[in-house]
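In the two complexes that follow, chain A is the common piece, with chain B as its partner first and chain C second.
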Partner chain A sequence: MTFSLKRSLAIFRKDYKDVSKNLYVSTTVLMPLILAAVYGRTGVETVEVYFLVFNLTFTMVAAYVQSALIAEEKEKNTLRGLMLSPATTAEILGGKSMLSFLGTLIVLVMCAFFMEYQPGNLLIISVASLISIVFYIGIGTLIGLLTRSVMEASVAILPVAFFFSFVPLVKPFMDEYPILKAVNFFPNLQLIELANQIETGAGWGDSWSAILIILGWTVVITSFVVAVYNRKMVDH
Partner chain B sequence: MENIIEVKNAAKLFGNETALNDVSFHVKKGETFGFLGPSGSGKTTTIKILTAQLRQTSGDAYVFGVPTERLKENKYRKKIGVLTDNSGLYSRLSIYENLKLFCDLYDVPPMRIDEVLAMVQLQNEHKKIVSKLSKGMLQRVTLARAFLHKPELLFLDEPTSALDPVNSRHIYKGLEKLKSEGTTIFLTTHDMDEAETLCDRVAFLNKGSIQLLDQPKRLRKQFSNGTIRVELMDGREIYLDRGPDGAEELYEYMSAGMVESANSNEPTLGDIFVEVTGRKLS
Partner chain C sequence: MLIINNIEKHSEHAVVFPPFRLEVAPGSVVAIHSSTNVRAELMDLFTGAKPVMSGEIISNGEMVHRNNPRYFAETGILFLEDGLYERLKVKEHLDFFLTIYGSTVKLEQLMQIIHLEEKRNVRVSLLSYSEKKRIRYARILIQQPSTVILEEPDQNVDLETKRVFLNIVNMLKQQKTSVVILTANMESALLATESVYRLDHTGLTALDVKPEQEGELVEENGQEEPASVQPVRFEKIPTRVNEKIVLFNPPEIDFIESNEGQSNINVKGDIYPCTFTLNELEQRLLPYGFFRCHRSYIVNLQKVREVVTWTRNSYSLVLDDASQSSIPLSKTKMAELKEMIGLK
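Let's turn to the complex of A and B:
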């Protein structure tokens, strides 16, 4: 399969112009920034609190904005125009993800700056976060493809956002309810686990399993996205 | 001449409902082919099959000599332009920004934007935001987008539906130019005047089946009742046989200076459609 960066960038440029005129979507990015600013003023003492804001960024910026971008294309029948063009699946999905990717990255950095987050190993946490962004964009793309309008996507994203933002709060109950230990393998908890480990001096050797688990989730969700997208290319 | 489209015994079922039933036809290179029928007759279904947006339940459909499933390949996408009933334009962006996106997707130089906008008489409207356009202007931009990349084959689904005659004429001019450049056009419409103006051949589609297929001129001739309609100065309207008797009678009226007008009494495509299918077009 060929990949034309020119085509993907054209879709990215279009999305940038489009979203900059769409207050409904563009103001969503303010939510984690406001929370980060508040925590920055009051002071953050645990990794869990930093990652409450970071996970909110993943769900509200990466997943929600992406779902809205895709759902709006479906709602206004513009996605079919892209599908009928010479752009390949990778070029379209790549182009459609660039804005959410860059937006999430910028908001994450700003949140970290506001909360004065200084990780024990910047490189490890950056790699894990970049893979996580792709995972959440995959979730957003999937929701966008499976819903018919921005409004539907906005509703569908709520349980997902709630789940990924607040599931770390179940940790204290894991001893009492062992079944809850399964959530330890979720990418958001793996990221928090990784962040805690690097604060105690862990290096690459101790981090690979968490990164691989996050990567595994990302591969699975990306495969789903491609399968659903290809199915949506043809009416049934 | 080479067939650009070839459909053999195609059928499409949606559940128990038959949208297309044993449809066969071909479209030659450079031809403008009209698929005529009322709403729900299967026109859009046919376009969707021919552009790989839908798979037929049975039968075969080939475009550029390959099965339609292969049209997803980049090299075929570049050869095809599609105009559907949905504009597919980005409403918050300007006309130029919309067309620039598709220039980049189809590897077309941006200077082509001026050419296509001139073809649809919108050369001075680059900066207009799509959401602010009238229905007619929107349709013209959609058409400009469909032939931005000079497709070899253009699918037009009801290109002038709900447009006023002035806007329709702009569209016709653009299509005539494309045809003169060798573009093959597959057009669906329920507007018989449009079909007569643009199409080399037409097929009448009714309830998913092709009822008739030929050149508009030949169809009119085939369904003509062989009379001439004469309007006399005193307001009467008479019908004369086209044979020697009718000619003699017409000569007498003309000699007496009684003829206001005389023309062949051929049916319109709309008349023929009603006669063949028993249904009106709109």
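Let's turn to the complex of A and C:
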């Protein structure tokens, strides 16, 4: 399977033109930015608050925009055309993810700028965030593939967004209910954990386990996406 | 080159279609006339959505299988229902297709063929149904496959689009592409090609459309007929609806279509089966200004609004009825018609 960047870029360009005229999707991007601006004015005390905004960016920009992009292709009956074209699975999924990937990256950087977030080790947190974006895009693609329309996708994303944005809030209850400790292994909590460690001066040596766990989740979700996509290809 | 070898389809107790064999040589156009149900089953087989249980479909040496990308490279498929990216402009959309297919076709030329040069900067969502259809025709030209499968390619489109469509079919013929048209509309099948097949539960039967010979034969009859025209015996045409017999005044009738030996009378968009054959009807209706415009059609000339010339050899009559039905006019009949309406 050869990967032609030209085809993926064509899909990316098309999505960019498409979304820029689609206010329904493009305005959701503003939500984390507004939140970040507000927090930036009031001042941020803890790492958790930074990551409340970052998690919202992941779910609302990466996952939601991605699911809307995929679901719209299905709703408008255009995904079949792409699947029958010479573009391969990797080219289609890669091209379809480019826009949400770049969008998330830009919003993330802007949010960090608004809130004046200065991590102890920028490189580690960037690597972990980039991998996280891929994970959330995977979630979005999965939702897009499993729903039939943009409407359905935007309803289906709600519990997911809620789950990933607010699960960090259960942390204080962990000592009381040990079962909640399992939640610690979720990629969003691992990212926060990592950020906390970095604030206390941790380096690569201490953070590889968190990055590996996030990477593991990403690999699992990506292979899941490819499997579902190939099955959907049969159904058209 | 498309080879369909002994494919068949059963659904529960019923036979959808029995095994049949069909070869579509490069540069030839074949229409398969069938019910929508049969058409849907065929499309599922052509797209690999359902596996071919017995037999095989081979497009330029590539077997149909959903995991065989080379089959889909060789086969261009135009669906009846297919989406476009509605927020893109016409030019952007064609550009997207060109890049995805890595095609060398020129954009300007393409827009000329599909008659959308003037609308190049218009958003696809603002185009009419027919114009959108033309963008989808363009996809076939961009792909340049060796086999093309068209599902109801000219259903509900306007005359301009039909013209574009016929032009594209001619281009595909010249590029030595095998073209298969799946349609439930006999008029649309006859318009594009002379090799028309009917596919149903009894199998694939070639419709005997040989305009040259048939034309001569009927013409001979036509010459004899005026001599033997007798005083009108019947003024009404009987049709059978359930148990009732309904009589129609000839001027009410729009046109009559023959379907597997059964003549169907079209009145104001409704179809009534008639017990007479088309030949008998032709004789009876001749004095009322009816005209046998095609082997399987008789038209009420009073209702004809327009004679459309698609190419030098293919014509249609557009009627003045509610649905503006268009019916085929064979080449040999054109001369006869011109004579009748007083044109040379």
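By definition in this document, the second predicted complex is superposed on the first by the 235 of 236 C-alpha atoms of A that agree within 3 Å, B and C clash if a C-alpha of one lies under 4 Å from a C-alpha of the other, contacts with A are read in each partner's own complex, and residues count from 1 in each chain.
Definition applied: contacts are C-beta pairs under 8 Å (C-beta built on N, C-alpha and C of every residue); 3 or more make two chains touch, one makes a residue touch a chain.
This one's a predicted model, so the numbers in the text were calculated from it and none came from an experiment.
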item: Joint occupancy of chain A by chain B and chain C, clash or fit; value: clash
item: Which superposed partner A:D18 touches (first chain B, second chain C, both, neither); value: both
item: Touched partner set for A:G81, first chain B, second chain C, both or neither; value: both
item: Partner chain(s) touched by A:I179 [first = chain B, second = chain C, both, neither]; value: neither
item: Contacts on chain A seen with chain B and repeated with chain C across the two complexes; value: 6-7, 9-11, 13-14, 17-18, 21-22, 76-78, 80-82, 84-88, 233-235
item: Chain A residues touching chain C - in the complex, by the definition given at the top; value: 4, 6-7, 9-11, 13-14, 17-18, 21-22, 76-78, 80-82, 84-88, 233-236
item: Contacting residues of chain C [partner chain A, same complex]; value: 47-49, 66, 69, 72-73, 77, 79, 81-88, 92, 96, 99-102, 139, 143
item: Parts of chain B lying in touch with chain A, wherever the complex brings them together; value: 48, 51-55, 72, 74, 77-78, 80, 82, 84, 86-93, 97, 100-102, 104-107, 145
item: Partner chain B, residues of chain A touching it in the complex; value: 2, 6-7, 9-11, 13-14, 17-18, 21-22, 76-78, 80-82, 84-88, 233-235
